[in-house]
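Below is one structure. I have some questions about it.
Chain IDs A, B, C and D follow the sequence of writing; residue 1 opens each chain.
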Amino acid sequence: MYPLTTTAISEAYNRVRQHSETICEPLETEDYVPQPVPFVSPPKWHLAHSTWFFETFILKPFHPGYQVFDNDYNYLFNSYYNNVGERTLRTDRGNVTRPTTKNVYAYRQHVDRHMSDLLETLTDPEALTLVELGLHHEQQHQELLVTDIKYILGHNPLFPVYKSGHNLVNDANEESGFAQISEGVYEIGFNGSGFCFDNELGRHKVYLHDFEISKALVTNAEYIEFMEAGGYQDFNLWLDAGWSWVNDHAINAPMYWHKIKGAWHYYTLDGLQPVNPEAILSHINLYEASAYAQWRGMRLPTEAEWEIASDQFQWGKRWEWTNSAYLPYPGFSKAPGAVGEYNGKFMINQMVLRGASVATSPEHSRKTYRNFFQAHERWQYTGIRLVK
Amino acid sequence: MYPLTTTAISEAYNRVRQHSETICEPLETEDYVPQPVPFVSPPKWHLAHSTWFFETFILKPFHPGYQVFDNDYNYLFNSYYNNVGERTLRTDRGNVTRPTTKNVYAYRQHVDRHMSDLLETLTDPEALTLVELGLHHEQQHQELLVTDIKYILGHNPLFPVYKSGHNLVNDANEESGFAQISEGVYEIGFNGSGFCFDNELGRHKVYLHDFEISKALVTNAEYIEFMEAGGYQDFNLWLDAGWSWVNDHAINAPMYWHKIKGAWHYYTLDGLQPVNPEAILSHINLYEASAYAQWRGMRLPTEAEWEIASDQFQWGKRWEWTNSAYLPYPGFSKAPGAVGEYNGKFMINQMVLRGASVATSPEHSRKTYRNFFQAHERWQYTGIRLVK
Amino acid sequence: MYPLTTTAISEAYNRVRQHSETICEPLETEDYVPQPVPFVSPPKWHLAHSTWFFETFILKPFHPGYQVFDNDYNYLFNSYYNNVGERTLRTDRGNVTRPTTKNVYAYRQHVDRHMSDLLETLTDPEALTLVELGLHHEQQHQELLVTDIKYILGHNPLFPVYKSGHNLVNDANEESGFAQISEGVYEIGFNGSGFCFDNELGRHKVYLHDFEISKALVTNAEYIEFMEAGGYQDFNLWLDAGWSWVNDHAINAPMYWHKIKGAWHYYTLDGLQPVNPEAILSHINLYEASAYAQWRGMRLPTEAEWEIASDQFQWGKRWEWTNSAYLPYPGFSKAPGAVGEYNGKFMINQMVLRGASVATSPEHSRKTYRNFFQAHERWQYTGIRLVK
Amino acid sequence: MYPLTTTAISEAYNRVRQHSETICEPLETEDYVPQPVPFVSPPKWHLAHSTWFFETFILKPFHPGYQVFDNDYNYLFNSYYNNVGERTLRTDRGNVTRPTTKNVYAYRQHVDRHMSDLLETLTDPEALTLVELGLHHEQQHQELLVTDIKYILGHNPLFPVYKSGHNLVNDANEESGFAQISEGVYEIGFNGSGFCFDNELGRHKVYLHDFEISKALVTNAEYIEFMEAGGYQDFNLWLDAGWSWVNDHAINAPMYWHKIKGAWHYYTLDGLQPVNPEAILSHINLYEASAYAQWRGMRLPTEAEWEIASDQFQWGKRWEWTNSAYLPYPGFSKAPGAVGEYNGKFMINQMVLRGASVATSPEHSRKTYRNFFQAHERWQYTGIRLVK
């Protein structure tokens, strides 16, 4: 993906790093601060943490004479790398008002300047691999930046507009019907020459049985049918944990939906809008996806089915729930040291999502990509594709 | 398994029902009452709930003129069948002192007497299938009876003896070495003629890669090596959720283990005993099993690997953790109505265990059996089998 | 109260100890076990704990050669005396099935037999004082036995009858009108020659302003007026913490009240009964008492007002909420050692109740008695007396 | 205090309003946002809420033609006035990034401009009384601004300096010895001609017994003696709820204290500093105050004792814990409507503090002032004065 030539890597570095700041451009200083729930991080933190990655894994080991910007930042902006020292508790991120947003931007400039210098001459393949990883890491945080900003603004009772005309959920399907896949042995997992994460590696054979998979994703109109048919009230449709979730939180609609004077509206990055029935459904969790599929008499694909079929339909607008748990591929082994903490240790109680979403950064999707969230989470741009 | 002849089913009914009462024989009346944690049910409740199953699904629909023992019992002893009406909240079970244990035994006799009458002439295949299901259901609760009694007595600071000579964890391995399985397409899932649960059905093909699987289970001595090597202190070995669990609960040993004057002891059904180093390890959860495997440089089997290899080693002493999530087999569909709530709705955030344990009732194990628990649970007789 | 002659103390000992067992006579063995909420203790525990008091504070120090019944009991049946060694966590009491109820009765007999022997010759005034304290301590637990039994049975969905004809809430007022007290300096606190608790000591002067106090307690009918006038929905009537309590728990009636087919019923020790409008209200907490008084345009008395006025009205059917916090009298100092833990350390965040209730043991009330509970508690037989 | 002439009230208005902004001058924009714990409010919220008071209670009812600045602000910046409509949940305040700090300052200017106009001609005594109340209300929030800013910065791992040279805890005692008060009838409660809160009204008689009260407050050095004598480890010194608090939170020092390389330091508004032994102790709660007094063989004063003795010692540097619960004075009645929610509804489970603190605004203290906090709270500048 990022051919490892000096020019290409420098260009990629600049482009990716700039994109994070572009996402934050419409924000007010105050928007950079809060962490309303533990799984949402402050935008300021995302900007600093992705910078910390380059400082810690590239500049400190590979750039002789590099002076760290501020020694405290390692403590503040490490996320979950136990190998790299003590870290701030995740739930406390929203209370750390200093360093200020301005300081964080200065931190970015400091690191970017030294990275520029370094990249002009860097040829060590291990280092270049880590730079590439750092850029993909930053792109992952860009997606979270978008969804976390939406969460922060979308839970403000004033429903502020992030950016006019920037409604990320209104796209419609362009295809219909079902693709058919025949029983047999198939291969899944990454086998290209570009970048991939460790969890995609270990291309291997799987046995699939016959299935048909929808070319279109479920739309808002289709999901409203489920809602109006009493889908949220019929326990027979739900996983047991899903039924508890529905009742404990009195759920009766996707995230960000509000019924106003009898009509469904949803919060978008363009503010509160009437729900567009043609648009592809978003912000539902695995429980809702599973109940909806059950109600239609169908099911969700496994991740292997999705990957094999994915050449036969358009994808990339929603992260699509599969009914596969996030577990290691045969032969998976985690890298030694801190980078090895990237993926493997999360392989429990998470479900795999495939595809990509409207919030995914350019050049950051491929059909073997394995995203993962817990079954109850729905603040990503998630969608439903059915199998029968 | 239970050939559906009149004689055989009656004999099986008597034998299984008697076994539940035999398990409870050493109990004092007080032991039947408490629910110390939500996942442990009072013995009294198990005895009543398994009886309620026969009254609700067999006697009421199939025995004309049957008078229910007590109308309130449906409310009290339903477990999680939303289709059969309101139910007591699971966490409240330990506070319901009436009906008394004596009443519950009277309830059992009432239902058994009418079941005896009915079974003499019952030929309706649907009813016979439900009787068979009811017996397997009761056997599942027998295993829980044993482990719940152990939990109740094992958390009493006096460590009372359940029954002298009844230590269910001290058996040793009889085999050693590794069995080898070659890459290829295999079939898993139930295909016999006897009884199985719906989650085993849908025999289907899977593709396995080469692997070797240990013929012996991990012993206490081997696990103590891990403990003494700092296994509980090294986050690199743990799944992220496991590391949180270790720290949140200050875990440093398997469940029921106590260090007394420098020596490890464990609570057994025969009271507090020194840990037997030769005996097979028990009462560890998936996090511990996974960390141990990581430390040994090996891994846990998948459930398909386990099932294919299971003819080549002895099993049945511990429920063995696999690294497979509990998910539907291809083609799984749940039965309509209450019986359909049996398995399918739990297929999220649970891991599969294979084998059987010293607490499993006779004739209640087969290699296709899919047991499942959450990754943090360890009050079952769970063990570790390694793959490399 | 208990004149300290050998005969009198022996007679008192036998009478008080017998009364605890009389209270428990209608119980089933199972009823002795559970602790449904932390503030309710298992009847078995009350019987053992009050016995432990005599063993620990009388027999061990004053009866040479006394052999403790069981060394573990000190650990199990200590309540909150930090000076007497480690204690079981209060929330775990309901899970300790052994010692059995039968063992606990044997413990009582063992201690009673040795107390009988000892009391024949006991003349040490310190010991006699402790015996007397032990009897009053047991009487306090007798009241809790009654209210805890009511809680356990009253939260069983079957509403079992404790004892036919034993409805402790149905008594009516025998007086009406208001008593008048004039402004001036008064004395409160214990000054008799019998027994009192340390928190009543330190008779001292207080200055009271004019007030009138109702001779009757609030009845169910009067409280229903408040309910029907929307008392539970009008935040202006409530203390802020009370309003949170009402909303967090969706409260709309006193404890044990259930609306069945449009009519208010309440659980009594005689089972579920229609609410008797003439009977004195019971089972309301300070928040409800305070909101009711506010609605009537009156207020609750202070404990000094209550004590001074108490000769002018009948009392003893309900513990009456005062608007006084439970704090030390001038000159209060706690006794050294374990007995000093009796009262003083609870003097924060509790409100004083005066009077006595239908559940109070005979000879266990006096006008200077200071009972105390937290503002939200209502499982005692509490009532409302108004002041204007 | 604020003589109600047009000039005086205008001058007071300008001075008080300006003071809030002066307090916030050293803040970065980010510091205005978070609510790290429910009892600490964002500085931005304090600035807006005190402004909302004037808009809601003065401008809307008394300034014909006044246009509200923004209709949503009533919803966002109401604190606990149930009579004035729906309000944001208190725990959500830290996540509301918009309106921005800049908007809030514009809101202040808008309201101040209209208040200026109005005050030029305002003569309605009810309105003038409300203006005066609004200014005292704002001064209360100024104190909270200081302590909340300290909490936010003091829980940042970087310990940022609020303002150099601005250490609000380092003042020392200027007096020593004990003042003596003789037994008798005294009068307490407000009787001046200036402003007071409703909870100070109802001057009334109390009867006090002889006591001696320290002229000096407890110092850091004295408190360190208690700590070094094992005060935090000796349960005999503590109220029961205090002992639970110490153990549940592993407390071993006052708030903001950190032991660094063997020496006690504390966070001050001037950053982290070594503890000054001569300075008056601060940031302890009632439990600590009570345990300390117990250890010294003394006690805390009641609020009546404090008020009567207060002419005989200096006060005003620390809010001083009394052992009086916050309850209504005889004859207290709350005002009708929203203003009546000011004080009365908090009269439960709070303890009275008397005096004032280094964070109190100028002209905002008097000896009859009744401040109140819950027994466990310690983020105010609280201190200990002993009585014997």
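The criterion applied here is as follows: contacts are C-beta pairs under 8 Å (C-beta built on N, C-alpha and C of every residue); 3 or more make two chains touch, one makes a residue touch a chain.
Keep in mind the model is a prediction, meaning the values are calculated, not measured.
Path length between chain B and chain D in the chain contact graph, taken as the least number of steps between touching chains: 2. Work out the mean CA point of chain A and of chain C, and you get 58 Å between them.
One simple way to say how far apart two chains are is to compare their mean CA positions; for chain A and chain D this gives 45 Å.
Separation between the centroids of chain A and chain B, computed from CA atoms only, is 37 Å. The set of chain D residues that touch two or more partner chains is empty. Contact between chains, using the touch rule, shows up for A-B, A-D, B-C, C-D. Of all residues in chain D, only 80, 82-83, 185, 204-207, 209, 235-236, 238-243, 286-287, 290, 299, 323-325, 327-328, 330-331, 340-341, 345-349, 351, 375 touch chain C in the complex they form.
Taken together, the chain B residues at the contact with chain C in this complex read 28-34, 36, 44, 72, 75-76, 88, 92, 94-101, 152-153, 155-158, 160.
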